[in-house]
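What follows is subunit A paired twice: with subunit B in the first complex and subunit C in the second.
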Partner chain A sequence: MSAVGSARSQGMVGCHACRLLVGLSSGASAGAVCPRCRAPLHSRKVNSIRRCWALLFGAAILYIPANVLPIMTTKYLGNSEPDTIMSGVLFLLEDEWPLALVVFVASIVVPLLKLVVLGYLLYSVQSGSSWRALDRTRLYRIAEAIGRWSMVDIYVVTILVALVRLDQLASVDAEIGVVFFGAVVVLTILAAQSFDPRLIWDRMEESNG
Partner chain B sequence: MAEDSETNEASPAVPRALLSEGSGVSLVWLIPLVAVVIAGWIAFRAISEQGPMVTIEFESAEGLEARKTKVAYKDLQVGEIKSITLADDLSHVIVSAELVPGAENYLTENTRFWVVRPQVTAGRITGLSTLVSGAFVAIDPVREGEPRDHFVGLETPPVVTTSEAGRVFSLRSTELGSIDVGAPIYYRQIHVGEVAAFEMDPSGQFITTQVFIRRPHDARVKSNTRFWNASGIDVTIDAEGVRVHSASVVSMLIGGIEFDAPDPEDPGVEVEEYTEFVLFKSRREAEQPAYTIRMRYLVHFPHSVQGLVSGSPVVFRGIRIGRVVEVKLELDPSNYEIRVPVVIEIEPERVEIADFEEVDAHGRIERLVANGLRARLGSVNLLTGGLQVELDVHPDAAPDRILLGGRYPELPTMPAPLEEITASLSGVLAKIERMPLDQIGADLQGSLKELRDMLREISSLASGFNENVMPPLADTLQRLDTTVGSLDKMLGEDAALPIELRKALEDVGDAARSVRVLADYLEQHPESLIRGKR
Partner chain C sequence: MSEELVACHDCDLIHRIGGHAEGTSGRCSRCGALLFHAKRNSIERTLALTIAGVVLYLVANSLPFLSFDIQGRVTETTLVSGIRELWGENMFSLSGLVFLTAVLAPGAQLALLAYVLVPLYFGRMPWNLHLALRLLGWLQPWSMMEVFLIGILVALVKLGDMAEIVPGLAIWSLAVLIVVLAWATVSLDNRALWRRVPVAST
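Then we have the complex of A and B:
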């Protein structure tokens, strides 16, 4: 695929801290440090697949309480009504369907999509698939870029809690579900970061070579 | 290792990496572990805090809303309605509610649910707060009983909830008498409880009213307590006149029950909950001693019994000993005679027996009849025209005996004093009727005719007398004049003759007066012609 080959295939590694190009045989990467700044040297992100899997599992588990538990409680004239993400979407669907769509995509589809996409990428890397490597890299970039937008929900809740404070008349309280939802978003962001897209191409080289 | 790097010929200018010992133990798996722990804990809490689900049937879902309406006990939320569905036959709604954990111990067959809505009745106003907060489902939890999870909700809030201290008693009556659920119970006009429920006996004969009496007043209900209906205004017009009685304004409007002990000297015995009492129709009825033995007798009256009704008193020498049960007409098919059989009920316990004989009550009555016990009608109230049956012993009555063999033993009767007067009066009238008034008139007419003839003869005689006798008579008069002159002298002022004459005339006047008196008397008492002066 590549005429030059990767740094790794040339027995090279760049220092993350001082950007010094260091020669490192592919067999011995653990424990190597930069001879100039003594920063640890990694040819690839350390334990990328393992770490990504762990974060992904954590996010997937927390995704359940994030959607089942209410994220906020609206109190209006003595009537308190807890809302989950889905019930909010259904409420908006009645007369504000574009808004409902936005919330649905940002709060439900995106986290789920990230979980699925990252899971698929990890699986494909581990199984050594060479199928549409370029598209898979693009998929990774998209997943990494849109993940942060899921935080919109968290912002909406925090702003509502801060603004709607009319004592007996009306008030909004955050519920435990919002914590789980935030954890899901953060964990998926971390998982996306810990994934090393170079692994996609490494497999390609290995299978080619 | 360093030697390995130096042997690398491919990039001699590139510095070699320094290698150091390090371990690749990854702590990243703590993250999913923590996530699992947290999610597991949340799930565990959700499951362990999952309260029991119950379904409740209600007539309508008015004011109820799924996932909003709460279930409350003493105004504290103990659950929430999850869904409301229609029953398959559309006759009612089924409300599913989730209760707080631990509530399952209180979901038994005796637990009741009802909807609290604003309610304004004559007696009280409840549920006003639900005007703002919306209706809620109230629960009356009861620990005792078979557990269950399906309930039929009450349509009206129960008067008595289990948490209230007090006891329930049953009252038995033949009619409800304007008492409704929630009607007050009074003890000496203090409001001490409410009517909790009433139901008809399966036979339809009696109505059992459940009354709840709050602590500590429930201890005042003893074995000898009398309950009576204090509903409305008790206006009684009976043999003893008109009486008005009422317990309170509230009971006047919505009815009520009062209770008290009839005899303050008798402390009575403690009673269990759900003891059954008799509910008397009025205070007066309740205050009368209760007699359990009742004996029925039949009496036949030959005359009209107008004014005698069911419930009229039966008295013995003025003391009430029973009542009339039934008054009806009876046709004797053998001789087509219509009689009035009257069934009376006597409470023999009212009669205190000084020296008890070993004879049953019927036997005693039999002896009394032999001694002259008779029943007769008596007037009890001239204003209302009410009658009563009077029993008394008439030793001089014609001997008679009690008639057995019918449905009830029959007591002999005798005519009432009034009946006697009526009978004698009608006898007098009959005698007057029998008098030959026509003949008397005819005779009188004949006599008058004769009188006229006689007068005519006298007139002709007078005319003859004028012609023949007058001339000599004038002469005679002249002579008489002289005679009178001499007679005048003879009689004079102080003569005896005029005095005698005046006396005689006075006698005649007296006689005339007595005749007039006689005529008057006869006019008023024509019967004296026959019976003589009385």
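Then we have the complex of A and C:
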């Protein structure tokens, strides 16, 4: 196995869907499709930086109501108690701290970490940094992989709503906070998908000449 | 064995990789991303796991996975009933998100795997293989059953003080299904499947 420069420097494009390496004759890049899987060919993800920033900003704004507003209300024996994401974690802390830790990491740390990491990666690419490209690529892989775990709280609300529905005796209702939270999770997943880690390496090649 | 050029999907570096011997794999020399991994008996193994997965999926979706007993009154819930309740509370987007990630995406993954692998096992080409493979690639990040299982655990603990919770058969099939589906995804040899799709000459 040997390496021979980047696909872009050789006038080629690796298909993002089937990974076929396609040579582009000059000028054919706009609207070209992969000859094997017919996916549109792009040397780099389209508008990667702008799209990723936009999704991140959206997620950052919605992160606030997602954490401040209640995600569900529990009615039990006449008492009505709203729950935010944080109060749900504190409740679990009382008798099952490992599970509290899982929910805390999944619901609060992971979305925040994704916002910070992707924001930093975008900034580093825009400022033309060539600092520790390998570590930044690893950071991206982590940000991309952990996003799905934020769905835990959404599933918890779904299950509780379905299970606890005995009108006067006990019931759980979903509240608007969980909708904001779902939007945060989806936007950060889309933001991670729209970032192109190859941009990190493009700067390296430019600075190496 | 023929040599092939592959560009790393994380850093765009071109590699010349030779040989498609089963069990071999290669990583990018610059960023360490997995370039290829030729799996052993990929079609047979993944097909067996897919068939098991389909059976488990049907069980997990048709039987209740939790029943909730509070002072003698029992409610039961299936995967779909929570989604229906959310829909009933006018939380359409959320209901759709849960449906996509916990029901539709895993189900579609299994259906597409069967669609691709059954004909190949019998030596035929599935119709529009390239579309099926692209759809599989698109679905994978949205299939989140393993996260759903953690959600069930959290819900169990939260309700522990309030009532008696009885895990149903569906919870066990869901747990096994998660392992089976993850294993099927790992044993699938994407590169070998893509090599069967003809490249149009331009």
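Quick note on the criterion: the second predicted complex is superposed on the first by the 178 of 209 C-alpha atoms of A that agree within 3 Å, B and C clash if a C-alpha of one lies under 4 Å from a C-alpha of the other, contacts with A are read in each partner's own complex, and residues count from 1 in each chain.
What we mean here is this: a residue touches a chain if its C-beta (ideal position, glycine included) is under 8 Å from a C-beta of that chain, and two chains touch if they have at least 3 such contacts.
No experiment lies behind these values; they were computed from the predicted model shown.
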Exercise. In the superposed arrangement, which partner chain does A:45 touch: subunit B (first), subunit C (second), both, or neither?
Worked result: neither
For this session: For A:201, decide between first (touching subunit B), second (touching subunit C), both and neither.
Result: second
For this session: Could you figure out whether subunit B or subunit C reaches more residues of subunit A?
Result: C
For this session: Could you say whether A:21 touches subunit B, subunit C, both of them, or neither, answering first, second, both or neither?
Result: both
For this session: Have a look at where A:169 lands relative to subunit B and subunit C in the superposition and call it first, second, both or neither.
Result: second
For this session: Go through the superposed model and pick first if A:69 touches only subunit B, second if only subunit C, both, or neither.
Result: first
Problem set entry | Touching both subunit C and subunit B, counted on subunit A across the two superposed complexes | 10, 12-13, 20-21, 35-36, 38, 183
For this session: State the interface residues of subunit A toward subunit C in the complex, per the touch definition above.
Result: 1-8, 10, 12-14, 16-21, 35-39, 76, 88, 91-92, 95-96, 99, 102-103, 106, 133-134, 137-138, 140-141, 148-149, 151-156, 158-166, 169-170, 173-174, 178-179, 182-183, 186, 189, 193, 197-198, 200-202
Exercise. Which residues of subunit A touch subunit B in their complex?
Worked result: 10-13, 20-25, 28, 30-36, 38, 40-41, 46-47, 50-51, 54-55, 57-59, 61-62, 64-65, 69, 77-79, 81, 176, 180, 183, 187, 194
Exercise. In their complex, what parts of subunit B are in touch with subunit A?
Worked result: 1, 4-5, 8, 10-11, 14-22, 24, 26, 28-29, 31-32, 34-36, 38-39, 42-43, 67-68, 132-134
For this session: Using the touch definition up top, name the residues of subunit C that touch subunit A in the complex.
Result: 5-18, 26, 28-33, 66, 68, 70-71, 73, 75, 77, 81-86, 89, 91, 93-94, 97-98, 101-102, 130, 133-134, 137, 141, 144, 147-148, 150-155, 157-160, 162-163, 191, 194, 197-202
